[in-house]
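Quick heads-up: structures coming right below.
Both complexes below contain chain A, partnered by chain B and then by chain C.
After this line comes the complex of A and B, so read on.
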């Protein structure tokens, strides 16, 4: 089951990202206005949802939220996207595992895949964000971070219910 | 809105964020901005983070012997909590720990109606110097912590050790925290060889048992030889029936009987995720029920020896759902009581003879189900006959070797002597076939042992 979880996460990472090497940033590169929020630029929520559905997630819509769920063996993955003007202004993740299951590389890859979405065109920064995720999980402490226009909160990495929130600053 | 933060513009950078940003800064060209940096910091505002800091302080305070610091984060208005923790501090300070640390892997957080927060299970690795587990795992205990902000200060308003009843009531699971140091003031004596004797207030004459325990430890150590064992022994003594029932939650066990003379509690080790590792044990605790021993006019030394035999060999014993056969565990301990004690050996033979005459013997060893039922005494003694015969055939070491082999075997039905692989065991230990040993054992039992 763990092997399957890893495979799914790896496939997901290759699902959306089409890196164009970004070296310098211009206004609008990292966020764009969406209604009264700041959103991930040039990435429609429906694109993310479609990618997740193609990888076995079951997705549903509730007002301005899209929630996608996937259960694989001892793991349960849940991603909720808050949508404004078709774009994503907030991402909430939950990786739930049965108590005896260790947090697998696949589960961490799932978190990383979402964490890098705002900067998916910058391979250097995505590498740094992935490293940051690894370090926080290794440190087993609740962490908050500001990365450009986004606030990240990673909580309970040492427990069976890891949560991550990524939201635009507004 | 929409501006890109650069290093240093958005508050204090942690060392970690600087490290992460180090390779990623790019010089900005005209009209361009630098790549965003990661400004990361530990989120210490949550109840969980605050409790973690409290527990780190308390752990240090315990190691330093600083009672004031140990109690400093507790709600001073909860006098009962303060009294309990003061007692626990005094108790724990009398033991020696190889490791005392907390595991948060399974901790959940629940806000209560009164504004306090319940954090549970908080699991503490409580490794005494007498413990040693597989892969360095150690015994653990879990607790429910209630915390709150009172007068602008974060305090622990209650700590509930995990008994079965407490876990049912509060809705959590975890290793039990039922050692006597949570509930009763203890007087602890350390003797030579990492041996710890602890007593409650009902035992004012603990020193009387120090020499006897030491002699019995010498005996069982010689009996067990150089096979795997723990570094030390921990024994608790009481004459208080309520304590005997309460300690290690023995009162809730299927085989609880207030007249039991003693009990040995093998301890599972706790993994990083807070779950037990159940295949092997990581420590042992003994409770000697002096009240029952004295009521039955029995010998404390027989009980101490019996429980020490369990303890010294439990590191080599299968645990968990597929545990070692009880006939072997109890039978060998009963057999050990007869060594060098003809009177005790004669009593065991009488129990077996009466059982055979009473039609209890069905040509096999006692099965797991109902071992501790109506025929418990007979079952102990019938188990002992295997080792008495083993000693008669090949000597005491052979009896111990048979025991060490049997407790690493699964035998729920009492069929050990009929197993095909018993043939190779019998050949190895006794130089005879399995069926030949079994036939001799059947005759031995029918002839009264």
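After this line comes the complex of A and C, so read on.
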């Protein structure tokens, strides 16, 4: 009788603690599986699109992509989100400008806002990513970086067409 | 016996609890987007703040200079309907210069573009370009002089500048001056 009671108690205690440990571990994950992809945790593509629309960008849906655009004078901003299970698995940005003028503060703010989305709750990493964006733009170089669970590719900062891709590793 | 059973229970409990935790555990993370920086592009920046179609066409070109204007519209895939008002001086001078206003409403002016065929560096072209700058800067009164001086000085070049909320671009092919919103 005592043997059974001990066994049950051990089973419960070990089960509960293991559960607590693993769920807590997963809380720290910086990506979340979505269909067969890895996505930015908990942030719905719809939420991002709504925020951009409120800021005056024009958004449209095409199959599993959401694209938001804005044209201001000599500049054109375009963000495409690849959506899986309602979440974002890839972000493609394009800042097009008619002349190869230096990127303006508005363009840099645009790139940074998207670049920090995967780590929006982590002020330290957010700061580091913003710094990385500044450095790449200043260095006018194409770069690829792996930051946590994501791959960042920034291309052509020196030309009229800058592109940035952020995608979950899978 | 007791120890053996306890070890089995420990392993079973650990596997079950851990496995469930692993499968059902979800990452933390806010469901909201971070705030936009002040500089993040805004929809209203598509238009030159305070500049209206009538300010350029009626007040400057038609009333003061007796120019004549024609309207046409085009459907843009991204922007929808865009109106173009092209104004020219009356009579024989009509092929010497023109001003085109791109807009999506009376107070939604996307671009004002002047072209001049009077000769690069000519007084007439200089005067047209500096008056264009002077006009689109009426809503930014303290920058009017700076803008019209820049336009006169850089007429006949391919330079550009940003003054206040507006970007001015001088062009050579053809000789022109373009005012668009800056970002």
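Here is the rule we go by: the second predicted complex is superposed on the first by the 139 of 170 C-alpha atoms of A that agree within 3 Å, B and C clash if a C-alpha of one lies under 4 Å from a C-alpha of the other, contacts with A are read in each partner's own complex, and residues count from 1 in each chain.
Note that a residue touches a chain if its C-beta (ideal position, glycine included) is under 8 Å from a C-beta of that chain, and two chains touch if they have at least 3 such contacts.
Quantities reported herein were computed from a predicted structural model and do not represent experimental measurements.
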Which superposed partner A:160 touches (first chain B, second chain C, both, neither): first
First (chain B), second (chain C), both or neither touched by A:146: first
A:138 touches, of chain B and chain C: first, second, both or neither? neither
Which superposed partner A:124 touches (first chain B, second chain C, both, neither): first
Chain A: partner with more touched residues, chain B or chain C: C
First (chain B), second (chain C), both or neither touched by A:31: both
Those residues of chain A which chain B touches in one complex and chain C touches in the other: 22-32, 99, 101
Residues on chain B engaged by chain A in the complex (per definition of touch): 1-5, 10-11, 16-17, 20-21, 23-24, 26, 28-29, 31-44, 46, 48-49, 104-108, 273-275
Partner chain B, residues of chain A touching it in the complex: 22-33, 38, 99-102, 119, 122, 124-125, 128-129, 131-132, 135-136, 139-149, 153, 155-156, 158-161, 169-170
Of chain A, residues touching chain C in the complex: 2-4, 6-8, 10-32, 40-44, 47-48, 51, 55-58, 69-75, 77, 99, 101, 104-110, 112-113, 116-117, 120-121, 126
Touching residues on chain C, where the partner in the complex is chain A: 1-2, 5-6, 8-22, 24-34, 36-46, 78-79, 110-111, 160, 167, 169, 180-183
